[in-house]
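In order of appearance the chains are A, B and C, and numbering begins at 1 in each one.
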Amino acid sequence: MASAAQGSDATAARLSPKVDKVEVSDHSAAASKKEAPVRFQISNLNFFYGAKQAVFDVNLSIPAKKVTALIGPSGCGKSTFLRTLNRMNELIRHSRVVGDIRLDGQDILQMDVVALRRRVGMVFQRPNPFPKSIYDNVAYGLRINGYKGRLDDLVEHSLRRAALWEEVKDYLHKSAFALSGGQQQRLCIARALAVDPEVLLLDEPCSALDPVTTAKIEELMFHLKDSCTMAIVTHNMQQAARASDFTAFMLDGKLIEHSETSKLFTTPHDPRTEAYITGRFG
Amino acid sequence: MSSTSANAVEHAPSPSPGAARALLRRYLDGDEVAHVITLVFAASIILITSLLVYQLWLNSAASRHAFGWHFWISQTWDPVFEHFGALPFIYGTMVTSAVSLVIALPLGLAAAIFLSELAPRNISDTISFLIDLLAAVPSVIYGLLGIFVVVPLMRTTIGPALKGAFGFLHIFSGPNYGVGFLTAGIVLAIMIVPFIISVSREVLLTVPREQREAAMGLGATRWEATWKVVVPWARTGIMGSVFLALARAVGETMAVTMVIGNDPKITASLFAPGYTIAAVIANEFTEATGSLYLSALIELGLVLFLITFILNGLARLLILATERGGGHPV
Amino acid sequence: MMRIRLIWRKSLNVVMLTLTGVAAFAVVSVLFMILGYLIYNGGKSLNWAFFTQLPKPVGETGGGMANAIVGSMKLLVLAALMGLPVGLIAGVYLAEFGGRTFAFIVRYTTDLLNGVPSIVMGIFAYSLVVLPMKHFSTWAGGVALGIMVIPITLRATEEFLHSVPNSLREGAMALGASKWKTIATVILPAAKGGIITGMLLSLARVAGETAPLLFTAFGNQFWSPGFNQPIASLPVMIYTYAIAPYEDWHRQAWAAGLVLLGLVLLANVGTRLALSRGGGSRSV
């Protein structure tokens, strides 16, 4: 599953937790040379919590097989925006989505929401494994979607993709709560991957985790890119710089700037972007 | 499971047939069905309760039409001549409940104070647990102990002692056979004290620590701080617990039936035998010959239902008021 | 003057605080007294015959309460089958689906039902079942007890479903589970410890109830086959025997009381201990 990326040594150095400077991804430069197909196309997206508007007229495309990071200060709407992509916001009463969101050209608001969520998975800020065994957690999505096949193989495959297999392969029937926080989060990633989503949405997945685990997860994101488009919300700019190909900066519910990560962090267009990434606010 | 496609495929922009099929699948799939099924079960509770009230009303019709409001104030209970009046039973219910409260409230409040203010947390929790077990003891077992322990005790020890000290009072006059209002009141008191304790303790624990600290900072003793500041703060909730306990006492059947003496008379003396609404229904329901007799008993059941309904309603209001508003200013 | 007042206040403090401790221990000691009396008086009358024999006719000594024990069990099974599903499913409605006003009405009505004196519940079951059937029956007793089971079960279900953190619901729905699947496969299993406790406690409570059975199940000297006939039960036997003038019957009443209390306390203590130890981290 390891992708044959250029400069894998540079990658390894980049992901090392000992690095304390902001180092910039040099991947996207090569990839963006050709026209990258787009997985999600979002146009004129507005989102309302009751009468209060949280997202204002966002236009964004999320390219396939790349990691797109969403950064911005607290409350800027990045999580809200992310959750519209798999319609999780519908769980909130009096929420309203206005606009056009297309997954591979299909309007997701017209789609069956259950089918949508199978194709677009989500990993949450705090690990939320079910009070079941490790095996049953990973198999859950498969079972409820009626998958009739060799569950064992798929469970193992997902755990490997989440870089957790070696650590839990002898304890698959232990409770998920017996795992550490970082392991639980990787379990949640495995659980989300088990249904083979086309897109994986990650909502500040490392904010509750230590730097070593964070590095592990960033590394697995790198390996996952080839099979799974990812969008990650993060308040950690260094993480965005390290782990993503494209970055979108949001402020007060509006999309301020969106470009390749290397460009956004070295030569941002908008003064507000520059102010944020240089730490003048946020 | 289809694997992810490498390229984004442009689909036709109108997915309506797919959406309609998806909608249908969702309906069949079960969320709506689940909603309806669970709603029906929830509604059935409303149905059952309404049916209960309706049945009580319906089956007491004969008695209500025969006696009207007179039922509430008539002292006669004569199955032979079919004259029925509720007053002796209302009196008995009130007196036994009052006696039980007089005993249980100080006892329960004192115990609650001990558990919330003085006892270390784990002892307090253990004792509360044990007191909760008291609430789980079936009524008939209290009755058993009532007959074989309290009644003889009343006859040989408590009764003579009270007569000796307070015999000049009307309530302690008259012969003492062991059964009667006082005995029933004592047994009831033990049965309701766990409710007073558990609710009062909870309410007392919610009084903010700053209140106690403020009082003691002014030089009050522990007791003064508790009695003059903490307890008044929790006043509303404690009142709620009283109404709750009262509602239980009023509806209590078996233990009371076994020790009250079953005599539908209104007497001033606490040593005299009496009767409560619940007790007369329990004793005479299966013996009731004639539909007017039965209807009168059911009307008594309706009366009992109304009394407990009001008491429980008041209790809930008071307890809700404490949860919302914190405390009253002293 | 101040000195005397201070001494008075301090003494009052000690006296009152001691009294509160005395009160607490007095109440607790009642529990042990009850247990003590039952174990002493009931223990010496408890024998094999008690569990296996039918009651002897009036005047004859000996015999047992085998039919009452079985009777109580049959009534409990009926009550469980009728009341537990209603409480559970209505509880699911309140916790997961309920709209504001309707849910409020349901909760209020449930509390109301809970506060109905058990003898009135007996009248209700009498008018619902005994009157149409024109005789006492196990069905009638089961209905009376079954309705009493509903409020406790409902409250436990609602409470424990609410205690399941929302993150679990979100996790399941993000994987594409529909609402009812989430409830059935994640939320209910997560809450099952508390819910089962509530169910057992409700059954323990109705197992000790006498008043609702007095004119529904009524009582029976013999075995009661099927569900259409009156049936003996432990609590009613205790009552009948205790108020009778026969010494032998009093003996048996104590024994029955010990058995009944033992079971009720076992259920209460057992379930509470299991609940406090289980917590939320066991696999479901």
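In this section, contacts are C-beta pairs under 8 Å (C-beta built on N, C-alpha and C of every residue); 3 or more make two chains touch, one makes a residue touch a chain.
Only a predicted model underlies this, so the values are computations on that prediction, with no experimental measurement involved.
Asks: What is the chain whose Cα centroid lies farthest from the Cα centroid of chain C?
Replies: It is A whose centre lies farthest from that of chain C.
Asks: Using mean Cα positions, find the chain sitting nearest the overall protein centre.
Replies: C
Asks: Looking across all chain pairs, point out the one with the most C-beta pairs in contact.
Replies: Contact tally peaks for the chain pair B-C.
Asks: Could you tell me the distance, in whole angstrom, between the mean C-alpha positions of chain B and chain C?
Replies: Computed value for the inter-centroid distance: 15 Å.
Asks: Could you put a whole-Å number on the gap between the CA centroids of chain A and chain B?
Replies: Roughly 55 Å separates the two chain centres.
Asks: Taking each chain's centre as its mean C-alpha position, how far apart are chain A and chain C in Å?
Replies: Each chain reduced to its C-alpha mean, chain A and chain C end up 51 Å apart.
Asks: Touching at least two other chains at once: which residues of chain C meet that condition?
Replies: Chain C, residues with two or more chain partners: 178, 181.
Asks: Could you say which residues in chain B touch two or more other chains, in rising order?
Replies: As it turns out, chain B has residues touching two or more other chains at 26, 29.
Asks: Please set out, as single numbers or ranges, the residues of chain A touching at least two other chains.
Replies: 114-115, 195
Asks: Once bound in the complex, which stretches of chain C touch chain A?
Replies: Residues of chain C touching chain A: 165, 167-178, 181, 185-186, 189-190, 280-284.
Asks: Report the residues of chain B in contact with chain C in the complex, numbered from low to high.
Replies: Residue positions touching the partner: 26, 29-31, 33-35, 37-39, 41-46, 48-49, 51-52, 55-56, 58-59, 106-108, 110-111, 113-115, 117-119, 127, 129-134, 136-145, 147-149, 190, 193-194, 197, 221-224, 227, 247, 250-254, 258, 278, 281-282, 285-286, 298, 301, 304-305, 308-309, 312, 316.
Asks: Give every residue of chain C touching chain B within the complex, in rising order.
Replies: 9-10, 12-13, 16-17, 19-24, 26-28, 30-31, 34, 37-38, 41, 85-86, 89-90, 92-94, 96-98, 102-103, 105-106, 109-113, 115-124, 126-128, 147, 150, 154, 178-181, 183, 204-205, 207-211, 214-215, 218, 235, 238-239, 242-243, 250, 253-254, 257, 260-261, 264-265, 268-269, 272
Asks: Name, in rising order, each residue of chain A that touches chain C in their complex.
Replies: That would be residues 86, 88, 91, 114-118, 121-122, 124, 126, 128-133, 136, 140-141, 143-145, 173-177, 188, 191-192, 195 of chain A.
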